[in-house]
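Labels for the chains are A, B, C, D and E, by order of writing; each one numbers its residues from 1.
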Amino acid sequence: MTPLSSCLLLSSLLFSVGFAGVLMRRNAILILIGIELMLNAANLNFIAFWRYGSAPEALTGVMFVIFSIGVAAAEAAVGLALIISIYRHRKTTQIDRMNSMRG
Amino acid sequence: MLFTIFAALTVAGAVAAISLRNLVHSVLSLILAFAGLAAVYLLLGAQFIGFAQILVYVGAVAILIVFTILLTRNDGTFGHSSQASWNLGALIVIAVFGTLAWAIHSSTALHHAPPPQPEATMQQIGTALMVRFALPLEVIGLLLTAALIGAATIALHEKQERP
Amino acid sequence: MSTSMEATTPAAHHGFADATMIDHESELLQISLGPHHPSTHGVFRMDVVLDGERVVKLKPVFGYLHRNHEKIAESTTYLASIPYTDRLDYMCSLSNNWAYAMSVEKLAGLQVPERAEYIRVIAAELTRLQNHASTIGFLMQEMGASGTPLMYAFREREKILDLFEALTGSRMMCNYMRFGGCRVDLPAGWLDQARKTVAEYPRFLDEFESLLASNEILLARTQGVGVLPPKLAIQGGVTGPILRASGVNYDIRKVDRYGIYERFDFKVPLGEHGDVYDRYMIRMLEMRESLKILDQALQQIAPGPIMDPKAKIRGFRPKAGEAYGRIESPKGELGFYLISDGTPNPYRYRVRPPSLINLTVLEDMCLGSSLADTVVIFGTIDIVLGEVDR
Amino acid sequence: MLGEGIAKGLIETARNFLGSYVNKDRLTTVQYPEERLPQAEATRDFPFLVYDGEDWQAGLRCVGCQICEKECPPKCIFIEKSTDKKPDAVGKPQFYPAVFNIDISVCMSCQICVKVCPFDAIKMDTAFELSTYDRFGGLLWDKAKLAKPNQHYHEIHPTEAAEVDGRLADERAKADAKAKAAAEAKASAPPPATPPAAPPANSGVSSTS
Amino acid sequence: MTALSYNSLHHSSPQAADQIFVIVQHWIVGHAPVGLQPLLAILLSVVAIVGGFGLLFAITTILERKGLGRIQNRYGPNRVGFFGSLQPIADAIKSLTKEDIVPQTADKLVHLLAPILLVLAAFSVYAVLPVGRNMVLVNLDAGVLFFFAIGSVTEVAVFMAGWSSRNKYSLLGAMRAIAQMISYEVPLILSSLTVIMATGSLSTVSIVEKQAGYTGILPHWFIFTPWGFAGFVLFMIAATAESNRSPFDLPEGESEIIAGYYIEYSGFKFALFFLGEYLGMFAISGLAITLFLGGWNAPLPFLTWVPSYLWFFAKLLTLIVAFIWVRGTLPRLRMDQLMNFAWKFMLPMALLNLITAAVWHFMPAGPVRWLVSIVLVVVPYTVLGRNQMHKGHLEKRVYRFAE
């Protein structure tokens, strides 16, 4: 059970938990939380491979995680803004009721 | 040994985040998960990423989610989806986790000894960002401003329209 | 704003349990400011309906301090009501005494001697100084300056209260004016002490001026906040510094020229915007005008009798009739309307409370402003619950 | 320039801060129990009954005429007249109050009772630290607790006391003179024969009493 | 995270007094069994920090109340102990003995966790603050980033406190506090960015070392450069807002919403909130000292014999006095003005300050450089200041008098 494989195991566990959250919960906010978890699992993989991988001085893993954190934050902000605006119209955050395309 | 503690903490936080009934409790456990993850990064030697993780996720994203929860009055009918889709979801998730675990277990690339602790000082990250990754830096800056303005207009726009 | 929540009495909303109490139909948050609240000048409640931080509806609720003053006055003699007038606007008891004494003098046709008139003007202007100083002190306290301006104001107020204690025997409950003059003459050395206090007072005003008048935070917090248009002020029957801050030139000292005010030359400051900053500055400028009156009065006062010889202490029965005496109290036009039926007790005893009448325009000023501004606007109206509830 | 007004305000508080160590005017608070602010002479708190001489029962000036009870706005004075009479300071037999209670918790120290009392029997005290544990019994003061010697009156309100004593002394002198004259008239009426000798002795007597 | 690295201490340093604490620590650690030595060293430093700043908290409470008193022409507490010196102990005992009331509808666990998390975050921030030469708990390579990361955790604690006590006012207070903290974190980080750009490193120790040395009698502190001074002023304004102090103490605006997010706390938990707030204030002024006021360096060349940690605490006390002085004078800002000020004045000034720092860095030394930087600082200040003031056409008014 090398440290690298334990890291990968942890990140895959995190990924599946996040994936479960997205599948099983009906509240839009919890879906966003699931997505955040999945993104973090991916970041963990990058750092694990940077740490135990072949050419650590190239810092590619670290760079990629920095940019991925940035993108994830932007995505979260836009997602939450969408949820708020949908709530204003539909007065609900249940995704089942967000099926109509009308304005 | 430390790694297992933090890993357990992170997974517990994640599971609690998606399973708790009260939304605010789930966000607090999400924060616990993010903090655990940051600790794992520090263990792996990526200091900058660990602190950035705390600053961005715990400091900002979690607060954003909390604000959204408080702004959208959940009208009580939330909770788990119908029993059937719950089992189906669980089944798929276990399948995904199984394949990943099997892949990790059987891949041969992991068996050589772990290399020494690589150096990720601020100096190196700074120069790498400025030299090799200058273009992505500019793009991410652009993307963040666009996202910022987009999010603000979406949420704000609705405000003025109210009678 | 047509909210689905009709204006039921606050008690109906009593059953709130959940903390994030936003009404389910709309985003409104109903908060009651008071009666147990640090900035409501006494027992006074404001039922405020907030949309986010903006005030949508404000209903003042008072009556917590009602002591049935006017009904009691009908069953006691004229003299016995004088100590109760101290408790009307307990910040300026000497002005209340003067207003009551003046209306009874109109009723009974008594003539106040020269020296008593001077003492009354001096007492009233000193009251105005210490009232405006403490009003501004409380106003700054509400804006968050943690006590410093209030302490400076109270330091000056103490000097004036010591003058009152030496003259009338008590700091706030003076009970000093009688029908036809004053109860006791000026003790020895009181005039020099008064002149010294009045001479030192401008230093405090300059200190206040430099401490706050050009302070950017204060300007930002007060200019353009809680605007009271002159037309609304006149319709609302508002009087006093608030009316003058909206630009309406109405000062009873100039209109009625009661007492001997026409002997002193002083001017009446007027504001243009009618916002919180104007009300604050008008009070500062009025204090400087009062100082001018005091200087002139303290020079011109001459020895002489202080009581109209015809005035009787006991068995005082004014002839039947009615009278309305009013003065410019620091809060506004304070009036006493008396109907006498020849017996020692007044038949009807009515007080025109400037605080209560100024309160009626509170909601119009506060609509659309934030919660923090509501507290500040309420502070500039300067009400005293003793006078509001009587 | 932003911040200019704020700077002036800060200088003002700094001047007060440093001033408080330097001049008295900038530090006006007094450490209450140890140091006390001097009270003005006209200060009034709660009424007390004045008595002359040593024995407060006999020397009490109050004659129980109940004017103050009628005039008191909050109606906090309660008097029961005595049935027998006792000679007062001028020697005229007067009633005295068997019971004289003032409910301190109701009294608002408005000094109307002092103004209307024809016998200068009730004056205003300057003691204000009167807190008690018992709201009813403790604050309902009877005659014994209210009576205080004339010296005490001189201590707290010197000028007023001196003026009152002066007036009382004149009254007493006038009353004596009148009594003397009346006694003289009575004595001289039956034996008309000795009219001339009386007057000179008369004036001598009155001045000494 | 190695604790105080022993080899860095060279006994040849002239001032034994300067390194007294470091020597004492090594002497104690020397006695422990070898295995435990690193742990013991860390433990000693942690105890020193918690004790030292706890004591400073006590001193500041009494300093604040007496200082405010003296500003307001009164004494301030002087009954307990000599000149009121034992007042903090009396306060501590009072807060310990006071009954700890938890509202019935409150969310018990989160209600309990909030003050603990707040104090935890407040204390853990001190790991990177260089209190004296060789006296920093851990010399992190990304020290300043660590500081801001842990600083942002306090927002979460504030939210937990506000939401869990289920009270209208506490929720309003928590929302205001979080909005204020977030919007002032940006100018805070940007104004500290200028110093990081100038020194080229995020480690607090190297920032302080770069500020050592004197030209003539003027020390090389960053505050004595135009961009440094502007950065310092912006940093201090943002620091006041970050620690909810005086002109920005909106979350616990007593006169409006009674006590903000800690309204439903009493007893020791209430004291914890105060401890957290004061520690936040010390930490942020500590960082200001490290970035702008030359950490533990002496202000004048001939004063270097004074031990380094004394300089740090002297500067800290002066900043605390400044906080108290401001608290005693200024009224409170309104919520929208506060936001407006943050985004329309602080942010542009901080960005422009970056440019001035860059210009200062690349231009050759000399009066021209001074002139250009000063212009680059003063011009935007006046322009933005006038826009801020005249947007609501705020100015002292002249009044007419009716006859």
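The working rule: a residue touches a chain if its C-beta (ideal position, glycine included) is under 8 Å from a C-beta of that chain, and two chains touch if they have at least 3 such contacts.
Being a predicted model, the structure only gives us computed values, none of them experimental.
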Please report the smallest number of touch steps linking chain B to chain D.
2
Which neighbours do chain B and chain C have in common?
E
Enumerate, in label order, the chains that touch chain A and chain E alike.
B
Outermost chain relative to chain B, judged by CA means, is D
Could you say which chain's mean Cα position falls nearest to the mean Cα position of the entire protein shown?
E
Dominant chain pairing [most C-beta pairs in contact]:
A-B
Looking at Cα centroids only, farthest away from chain A lies chain D
Which whole number of Å gives the spacing of the CA centres of chain C and chain E?
44
Whole-Å separation of chain centres (CA-atom averages), chain B against chain E:
30
Counting only Cα atoms for the centres, state how far chain A is from chain C in Å.
63
What are the residue numbers in chain E that touch two or more other chains?
71-74, 163, 171, 328-330, 389
Name the residues of chain C that each touch 2 or more other chains.
20, 148, 152, 155, 211-219
Overlap residues in chain D, where contacts from two or more other chains coincide:
2-3, 6, 9, 12-13, 16, 28
Touching chain C in the complex: which residues of chain D?
2-6, 8-9, 11-13, 16, 28, 39-44, 67, 71-73, 108-112, 115-116, 124, 159
Across the complex, what residues on chain B touch chain E?
24-25, 28, 31, 47-48, 51-52, 54-55, 58-60, 62-63, 66-67, 70, 121-123
Contact residues on chain A for chain B in the complex?
2-10, 12-21, 23-27, 29-30, 32-34, 36-37, 40, 43-44, 47-48, 50-52, 56-57, 59, 62-63, 65-67, 69-78, 80-85, 87-88, 91-94
Mind listing the chain E positions that touch chain B in their complex?
110, 140-142, 145-146, 148-150, 152-153, 155-156, 159-160, 163, 171, 175, 178, 182, 185, 201-203
Contact residues on chain E for chain D in the complex?
67, 70-75, 325-326, 328-330, 345, 381-382, 384-386, 388-389
